[in-house]
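Here it is, the structure, as structure tokens.
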């Protein structure tokens, strides 16, 4: 159902093979998921995307689980079915409990609601937000 | 520039006046921001939205700052200028540092990129995400 | 602030001049709003769009005010500032009261909220909706 | 295919059981649809959402069918497959005819088209819309 | 899975039958795809949409393949699964190679990323873009 | 009006100063636009984004003007005001004529319309698109 075939291990060129090896190493599993097998039709785009993803989602000032929650929120608002599933699964692996997920859903639905209201009424910005932003 | 006038303290009916008092009490400031003054044209919708917002954004399993980051992510993907400004300001009040904001921007831009790629190629879901979801 | 200059009456070619005359006639006002003056840089695209708009928004099985409310809802979800303002103004001209607008905002915010929830959880369709659809 | 299992009648806790009873009572059918069975993983979020939905979609100044059309329009622009199906089915139950649906589709497609045009050209607002808004 | 049944050749009224004949003639194939069979529930909306599509996508200053790439880009950002598939297939028929598709995906993912960044930070417009626009 | 101050030449750290020099060199102008001055609050994110942009938008199988049109299409559908203006200006610098822009607007508005229709009716995919995709 994809617009491109998936690249399996046999058909992978050198760049794609290295990418698949990196993914297996980083995740400690033999399984390479569909996104990477499909994007690997353009091995250099796939490799650059993977490298950047590793940098961005790794440990930093924000906790890896918090990063997954932000990723999920963007994916939901953008309506990306694949990313919603893959990052909800990742968040669970990183410790998202049922309670956290319930609170996450409440925040996402609240934000969607007030986004719609602010857009509907075209509420003008308050000076103070701008001051606070620059502070 | 709004589709509705803002309700000032003099014009507020009893429900709106109570809402404004609640907001001042909760935030410990005299200032009532434009969103609430505009939504107060429908005092019961404004009051319900405020009450629900207080419940959702208050302390829970997720940290209030994490909730603000999720709120910002949804607002950005939905393109809501007002909410982006107001919740970026709130996140700063709750402790978002420049480093955190930089990491947040990296995650949001990474997610937007892979959302576009997964949507472009219509990548089919992997069985394992579904298994992990149900587990 | 537009990507194109507005076409004024003097600069209008024959097609654009006819379009402006049609708009004035249909609306019984001398004023031609910015959307049409900007789109008139491509007079044939502007004329086709105007003709189609007249057909679509005119009387039918659905009331013209109901059509404006649907138009507003789409424009809000698409985040189109210009269309939100112009169609909120049109809805008011066609009789939208403050009460109706309040109910409209409640429905739009409710829909945005459950859209986000259904997308978040990727709820599978019920058979019965499909049966009802085909019935 | 959901990120959460559906709660059946046997597994429902007291809050969820009450919710399912309310839904059955309100709709006069034994069937509880997937959205509520999935959201019921967080029984209090599900119950609040249901109560609010009943208030918002009930009789008011706007006809219940008109509210369903607004709901459909938002769901389409937000790309929510589940909500498009469930609210198209609801609109039919509330009397949407084939003619009405055809007109609805024409308005939705017209709005999407002019939203894209106004966004493309970044058309600046006319003063008169603002005056009309405040009037 | 559609909200409307597909109109087959036997059930087509005169307008729909003519539309199907036009499509077959234009594309030199007996096959009429699902979009048109579904939209043909409203034969006049279907016919107008088809005629407009033929005008818009035909030869002009922009190459037909370039038009398909623009169509794909809009469909991806709008998350329209059907249009992504049908226009990716059309682009291939019009000569899109694997290299072109790889570059297309890189541009789409780059744009999505900077769109998210510009929206996140609410970057103010530079005067020079406006001057260049009017030039 | 941004959520971050713009970094001017004096405040730029070494990484940001190098980025600004690169931009000036590549574009043969002293002017550094707001997007880069704002993103330069996180010099490494800004530098990586700039480098990737140069690679993606440079000459390839697709013409640089075609790439700008794709970029514009995505930015319009995502409602990013800044990117719409900056990439419409870039497209003009790369040779977009008034006729091309008119055709571009027609394609974007046509795609937006059929995206809305396909989403509204939830049209199921045709087998043949999938075969063509894999071929």
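Note that the chains are named A, B, C, D, E and F in the order they appear, and that numbering of residues resets to 1 at the start of each chain.
To be clear about the criterion, a residue touches a chain if its C-beta (ideal position, glycine included) is under 8 Å from a C-beta of that chain, and two chains touch if they have at least 3 such contacts.
None of these values were measured; they are calculated from a predicted model.
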Quiz item: If you check the contacts of chain A and chain F, which chains show up for both?
Solution: B, C, D, E
Quiz prompt | Label of the chain whose CA centroid is most distant from the centroid of chain F | solution = D
Quiz item: Same residues or different residues: which describes how chain A and chain E meet, taking over half shared numbers as same?
Solution: different
Quiz item: Quick one: which chain's Cα centre is the longest way from chain C's?
Solution: A
Exercise. Could you let me know which interface, D-E or B-E, is made of more C-beta pairs in contact?
Key: B-E
Practice problem: Compute the distance, rounded to whole Å, between the mean C-alpha positions of chain A and chain B. | Solution: 19
Quiz item: Cα centroid separation between chain A and chain D, in whole Å?
Solution: 27
Quiz prompt | Junction residues of chain A - those touching two or more other chains | solution = 1-4, 49, 52, 74, 76-81, 84-85, 88, 105-106, 108-117, 119-122, 125, 130, 133
Self-check item: Touch-based graph of the chains, sorted into line, ring, star, complete or other
Solution: complete
Quiz item: Which residues of chain D touch chain A in their complex?
Solution: 3-4, 41-42, 45, 49, 74, 78-80
Quiz prompt | Contacting residues of chain E [partner chain C, same complex] | solution = 1-5, 48, 52, 125, 130, 133-134
Self-check item: Touch list for chain A against partner chain D, complex
Solution: 79, 84-85, 88, 98, 101-102, 105-106, 109, 116
Practice problem: Could you pull out which chain C residues touch chain A in their complex? | Solution: 72, 76-77, 79, 81, 84-85, 105, 108-117, 119-122
Quiz prompt | Contact footprint of chain C on chain D as seen in their complex | solution = 1-4, 31, 33-35, 38-39, 49, 52-53, 56-57, 60-62, 66-67, 69-71, 73-83, 85-89, 92-93, 97, 99-100, 103-104, 106-108, 110-115, 117-126, 128-130, 132-133, 135
